[in-house]
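Two complexes come next, and they have one chain in common, chain A, joined by chain B in the first and chain C in the second.
So, the complex of A and B:
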């Protein structure tokens, strides 16, 4: 059990669970409207063909974004407060999976749009996975389905595997299955407020000749792929997650060095993001 | 603590505000969704929700209720709102830069697009190569540079610049908004030929799309340079102010009437002779038009004694077979067929009895041609095995050498670069400084010269008697005296007279003037001598009996050389009396001349001595 007096100063962890709950519930509401075999067609219908469905999608998307940001904020807060004292190594390592799982779940949601950007992202995702030695090809098939098989596997993992794992790990981490009422309210109200005003993007149906961009949180990786080998796209996240996990075991200078290495990787990520945005999509 | 208490009320207020904005957006969304059909041809095609006016459909095989809009116009057929539906919209379906996703998309016209994009109307290879050679930028008139490459050059050479400004507008790849009035079409690429022109008062209606291409769509590109579209219709372009002008062309250029091509006179259209490979290519990239075109006179008018060629069973061209299938026609494998020179069957040419309506005049000939546009039958008579067509010495003559009654000519041309002017650059799609100005002294028409192309005698016209003053570009001036081989498409059933070739200077490539075949030997007096070229007429190719033949716009094209000219004019001395090809002297002309000089002939003509001394062939 986390001791409140010694815990992180913000309540981002609880808020993250609130956003996760809103994301999952809005996703459950969206599921009947989504058809993997006609992905873009059903998303277009959600966006403009069905009453209020676009708002539901926007709440889903912005709640997911809120979960990602709250998780990152919680992680930063925990690291700043000295994570070694907060959690034992086992739970800490499990918790480090939250961030990559959140990114995978959100990438799955991005891919499920079925537009030109999502199709490109799916192809890149598959290509990156296939560069993993030995496991690459079967892992790609497991996560994404066989090439050309559509969005069935991605849908299953987005709505099932990743969501379930996220909730389980988040519940294990926070020692609670449900968010507090306040977190519920904050997550729902803030998601609804943004969703009503800011349209959730949907890419072009077909490539337009202009370079296609992936999700904003992976632009750094997309930029790296223009200059570095495809394996970079899984090596960098593995190093990042491993570095964060390693913080459970290191102290003093080693901890500082690990944090510096993580900072350097993040800086490179941001740098490539900026470069990609300035140069136009590859 | 106070701030924390305010968070929830503030968020609640923000959410309420957000929901108000959402309600406005939702009401707009509901209002923007159209009420038309959502499907076309069995698939979701939400464009029709708004574009359901029958005037917005091209009809026919491309009707909107069968294909929808997106198949040709791209965009997003699944979208509900206009902004998303029109994202990536193609306003010129068929434009070559997107044709792989429009006409050439899988399941539609993939093969045709592969052909067209490599065809000369798209690449312009010959045009570019000849121009660059004339400008002194290439060693010969053959090249591989295409318009696509030429228009992308960042720093064009003078010839490239000349082509980009004056020639690229008719190229199939140049989009409508980046094109002058030369091609009065509604689109580019496939649509240049297959989309109809808008008739007056039909603005807003979708142009019909049709596989059948009427002649008016050919004239945009082919009413210039060789002007075959005009000649076919019996029209000659003239310079503004020319008193001979009696009419105006479709685009306002002054013109005179001349004898039309016999095929045009009979109501045949361009596509009746010109096959798919002729026009759209066969997938190979050819250097020049005469290499790509497959139609021959002999395809329809073979020698009377010739056996029928291979039957339909030998036809391998999938496009032709598909075309027949789409038209609901079939050919038995043993049905006799007529072929292009590369073995593509002429599907509209059949034995007269095979046509359901094969009666009347068509039935009088063993074969008939059905008009591709109107289905009208035209009898096809074989080339007779008579004296005209079996004349010794005429074996190398192409049919049009005799049957081309006339050809248009642009006798002299001065091309200069005006650095102070401004002109549209099709490469940049904008008006840029400098202008290429072409000034011709006269346009006219008359019998063509005879030229040698490979092993054939063909008609030729003064295509490039020109000076290129590229001083504005920093290059020295160039002078060229080139003739161009041309089937002028002014074919007549009656041929040129014997004298037209054997006693007239034009046929010999001498141009306008007086040819004297008197006792002193042949002499030519130009009507208007070319400056600085002794014995050469201003509109001529070479002097009489040149030391070397004149150059043409193709490798292997030349004027008649001195020996050939001598042989031609030698006959010319006899033509005034022996004007029929069936005359006995032409059975063995050399022998007849020998007998004349030996006194063994009944002929009373005192032939000039120079006739005796010419080498026989």
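So, the complex of A and C:
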């Protein structure tokens, strides 16, 4: 085992588990209020018709965001500190699934709003999946349900499949089922504090005069779709996850080259985010 | 001999179970794919009553449940509003004429022909049939 590189190491992993716990528990509390067959109406009722439900939804959304950011920070910290020597290849590869699963879970949450942006995101999600050779159409049906079937399948995977897998992998990775008390407190208090001052967006049912934007963390992919073939939207995440996974096996120059390739992909992601915003969402 | 026979039987059962498990593992994905392939989108019908057609004729065209309806010589002329790029719903653009996709900016003419990408194909024209004083739009999974 090689000692980590010098420098401060954040406790982002445990903090991520704290955010995940807050996300899941607030989601469990929200679930009875959500109706997939009347998605937008039920979210509007959560926002305006039920006492404190808006705060619960906002805590859910910002805790999920906290989980994503803490997981990214933990990954960067682990790579910087030479985490490949500390984690065997198997657990490392399993852990690389955390980020894609988190993004899928959050995209599911975005879609479940049922407004114009979320309907467009659902259509694009399906369209992108269908470009995967052989498996695309069945996979789209498995994850999103048949076309025109509403939000039932997305709800099931958002609340069940993705959440369960995230917790299992996070628990396997961290060798603990529950976060520490401090992480609980930090995750809950920071999510609630932000939720109290920043409203969670909810758009109109029909698109307005401007273009429609997907979730902010996928704007780079949306921008790439202005110029590149639709398959780019799954190839880039696959290369990103594969590159991170490959860090468990490469050393020296190969590791530097892998990190450079990952950096280039991330730079392209940021560049196309700017391109999309400048183009007014297409 | 009983031990040998017993061991032989156990080995046989062990081997048989392995083959059954292997066959099951090989067939399971095929079964799942088969079930999923049958779970594809169902065709949908939209009923255009005389009121909708009258409004379409008066206003030059109306969007109804994912299709755009105009009337030519008393017959509805229907375009699917599903963008051929990635499936977002395109919307009429009265200022420039035609249709625009709000997701990635593809543009189509009033006749549904693609003018600029990223879409590469024209909007689809679903089949229309008459039923009394109404018209029925038959949407396939790709039109919807």
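The rule is short, and it goes like this: the second predicted complex is superposed on the first by the 274 of 282 C-alpha atoms of A that agree within 3 Å, B and C clash if a C-alpha of one lies under 4 Å from a C-alpha of the other, contacts with A are read in each partner's own complex, and residues count from 1 in each chain.
FYI, contacts are C-beta pairs under 8 Å (C-beta built on N, C-alpha and C of every residue); 3 or more make two chains touch, one makes a residue touch a chain.
These numbers come from a predicted model, not from an experiment.
On the superposed chain A, the two partners chain B and chain C do not both fit; they clash. By the document's definition of touching, of the two partners only chain C reaches A:128; chain B does not. When the two complexes are overlaid on their common chain A, residue A:263 makes contact with neither chain B nor chain C. In the overlay built on the shared chain, the residue A:271 is in contact with neither chain B nor chain C.
Of the two partner chains placed by the overlay, only chain C lies in contact with A:230; chain B stays clear of it. When the shared chain is aligned, no partner comes close enough to touch A:152: not chain B, not chain C. In the superposition on chain A, contact of A:120 is made with chain C only, not with chain B.
Judged by the touch definition given at the top, the superposed model places A:222 against chain C, while chain B stays out of reach. Residue contacts after overlaying the shared chain place A:137 against chain C, while chain B stays out of touching range. Under the contact criterion defined above, no residue of chain A touches both chain B in one complex and chain C in the other.
For chain A in complex with chain C, the touching residues are 116, 119-120, 123-124, 126-128, 137-138, 141-142, 146-149, 207, 210-212, 222, 225-227, 230, 279, 281-282.
By the touch criterion stated above, chain C contacts chain A in their complex at residues 32-33, 36-37, 39-42, 44, 82-83, 85-89, 91, 101-106, 118, 141, 144. Note for the complex: chain A touches chain B at residues 38, 40-41, 44-45, 47-49, 51-52, 54-55, 182, 185-186, 188-190, 192-197, 202, 204-206, 208.
Partner chain A is touched in their complex by these residues of chain B: 7-8, 11-12, 14-15, 17-22, 25-26, 29-30, 32-33, 44, 46, 74-81, 84, 87-88, 101.
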